[in-house]
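Order as written gives the chain letters A, B and C; numbering starts at 1 within each chain.
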Amino acid sequence: MMTILLRYVVRDVLRSKWLALYLTFFAAVTEGLLYFTAGEAKTVIGLMNVVLLLIPLAAVVFGTLHVHHNRDFVELMLTQPVSRPSIFGALYLGVALPFMAAFVIGVGVPSILHGVAFTAPFQALIGTGCALTMVFFAIAYFVGVAIQDKATAMGAAFLLWLLFGVVYDGVILGVTVAFADYPLEMATIGMIVGNPIDLARIIVMLTFDYAALMGYTGAVFQQFFGTTTGIMVSTLSLALWTLIPVYAGYRTFCRKDW
Amino acid sequence: MITVNALHKTFRTHQVLKDVTTTIPSSCITAIIGPNGSGKTTLMKCIIGLVRPDTGTIDVDGMTALDNPECRTMIGYMSQVARYPDNLTPQDLVAMIRGIRKGQRDTADELIAEFELEGHMRKPMRVLSGGTRQKVGAVLALMFTPSTVLLDEPTAGLDPLSTERLKERILAMRSQGATIAISSHVLSDIQELADRIVYVQEGIVAYDGTVQELYMQSGETSLGKAVTSIIRRSGALRS
Amino acid sequence: MHRAYPGGENTLRHLLSVAANGDTIRVMPGVHRGHTFDIRTSITLLGQPGAVIDAASTGSSILLVNADDVAIRNLTIRNVAVSYVDDNAAIKVIQRQRVAITNCRIENGFFAIYLSKSSNCRVTGNTIIGTERDESNSGNGIHAWTCRDILVSDNSVSGHRDGIYFEFMRHGTVMRNHSWRNARYGLHFMFSDSCSYKTNTFEYNGAGVAVMYSKWIEMFDNNFQHNWGPTSYGLLLKDITDGHLRGNRFVHNSVAIHGEQASRILMHNNTFVRNGYGLRILGGCELNTITNNAFDGNTFDVTTGTRESNNLFRENYWSAYDGYDLDRDGYGDVPYHPVRLYALLVEQMPSAVILMHTAFITILDLTERIIPTMTPETLVDSKPLMRPSTMQP
């Protein structure tokens, strides 16, 4: 049943001008960076900065808006003989998957043309970009479903983006300053793994020889992420950051009065 | 037949439905009326499953309606002015509903012709007028000839011709034995269609009976006056 | 003229014991086994193609030069015994003068060429290939201790602890060498004054060049590249004064120049491209003059651990400079502060490096540039070049 609903949610999103804009933007930025920037590291860093800010922002904004914009459509589905979990699944995947695909194509096509698509940094960038798409659409859907008022929901979504994208790193810096006399490597690993954006950034940066710049701390990180435990912990973190908001959104959705 | 028993619903601190008990019989058109915010839309939404009541039961043709998607197979619901996804066409929506209710016989094409929607079927919803969207809503609600029909302000925004067509439809479905509940502000529509009245005020059923009984009890000859008299009486009841 | 054969009567060891001053011994093709070959007279030892001296990693040093005016040419010497007590070497020269070691090939030398208390010696055109071991288990490629007037040129050295090592050297010259893949440094100066190194290439070493506790060192036109790693750098300047750096290229080093207690250094017409850190000047770096250099695409152009700076930055090119040149004199009209706040934070709290490339840090740096509060005000290039300087001195 979910697949039928999914098909139409996807069809709606695929015809949206925002999705086309999203794809074009990533294609243009990737092509531009590959064309004008010398050195793989610089290109990847430039692209990474765009990906880490824009994917979460686009996801929270578009995801939250989508819930509110499509209230009546959701009602239509709810009045049909379909269970609420299927509807929620169709809504979440129906929006997140097209955006993920647009990102992969936008970054993927120019990087294939330039022959860098299958290098470790680009693979890491595309992989973490997909993970961030899932994470932040999950968060957006939870916020959109939980908060009735559109403006409040948008505000909350934007604040969450600011929190993950900017404020969190300020807190890390604050902790670093406050506990400067203590060995902080494990604590920083914990804090980084706790934020999907930071985790994505470190994973990408460790794929090229950038870790060397990060001195002892970088070495500790490289060692950690090189182990099975490290890979499992970071995968688990991204999975939890997807599953917890999805579950919260699903619970709220199933109990919600429309 | 819809059986509503001891239904309670509170939104935050606001008690919207307080112990609503009523029966909406089949082969009959029941008008659910009441002032704005009286809880009539909430009652309808409880029956279709959009709102989850705190306590109480709802049965539709002997099947529980609460948390039971299966039950909605036989219900058609038409909401107040609806917005649908910008980039889908009426065609897409009809196809989607068909996909969901696989195997059920449908009369969509007949309805589309009746509401003269053929020319709009391939346009995205965002370019359609409110009236056209409302007609699409009617098609989606009625295409599977449901045995139970819930209509929330169905004529709002419709042109007179389409209003007539919709009324004809409703009357035809009554003669086929359907259970029909309408909520409306348009008293002339109710006067024309309704066999029974359920009057909801501040979350309680203030009147529940046939239109004839209403006229007899109130001693009035117009529906408007009869209703006014009920309002007065219910006010007296409470105090 | 003597000919030394691997077998028979005229062995190398025998001929060395009978040769007189001025004689030449041709080392004939074949593997000459053994070690501790003692050169007691001023002779020329000339390797024929295919001549190899092999110690099979036993004994001590292979050739011991115990006479002045010895020349060793075109020989292949290999497999020096590893010792943690003695500095075994392929060629060891102690308290001698005018020894020339030319066009030799040394493989798996623990130390390859070892000079001690000697002067006016030349080590040129040799190929020295060590077995890559870690720092504590390997010796230096070309090692000179307490020497004067030594020329080391046109050698290729790899796989040792330090490629070239000078300690207590006066007037040492290092030219046109290629020092690469050494475990510690490509070139290492300790307590060595008035030396110079020019047009060498140092790459893929633990670190490129270390100049420590030395004065009056000239460093011209060298390439420092791909010295990359958590503890790596292109050039370490530690406790040195009055050095002169000119025309060097630093490409893709994790730190191009790391300075501690480096003073009165003149640094000009150097290029810093794609390094992690360009100039990292920590405590006690004073009165240095940094002009006409190009800093292009480094993660951090300049970092420092202190707010105070009395180093002069002037007329450098900075790719990160976003000022303008309205009067079109080739210099930016707005002074450039090359130290980012974040660089300062990282120097003080190394684990803050984990925030590299975050939006928060970008905002922080931007705020600091608008309202400077922590970055050194005096570390400023008041006349930044708009384009890299192509002018040579």
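Going forward, a residue touches a chain if its C-beta (ideal position, glycine included) is under 8 Å from a C-beta of that chain, and two chains touch if they have at least 3 such contacts.
As the structure is a computational prediction, the values presented were derived from the model and not from experiment.
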Contact graph of the chains (line, ring, star, complete, other): line
Outermost chain relative to chain A, judged by CA means, is C
Closest to the centroid of all CA atoms, by its own CA mean, is chain A
Chain A and chain C have mean C-alpha positions lying a whole-number Å distance apart equal to 46
Chain-centre distance (mean CA atoms) for chain B and chain C, in whole Å, is 88
Between chain A and chain B, the Cα-mean centres are separated in Å by 42
Residue ranges of chain B touching at least 2 other chains are none
The answer for chain A against chain B in the complex is residues 1, 4-5, 7-9, 11-16, 69-73, 75-76, 78-84, 255, 257-258
Chain C partner, complex, touching residues on chain A are 38-39, 41-42, 45, 48-49, 52-53, 165-167, 169-170, 172-173, 176-177, 180, 184-185, 188, 192, 198, 201-202, 205, 209, 211-219, 221
Counting only contacts in the complex, chain C reaches chain A at residues 228-232, 254, 274, 276-277, 297, 299, 345, 348-361, 363-364
Chain B residues touching chain A in their complex are 11, 45, 48-52, 69-73, 75, 77, 79, 82-88, 92-93, 95-97, 99-101, 124, 140
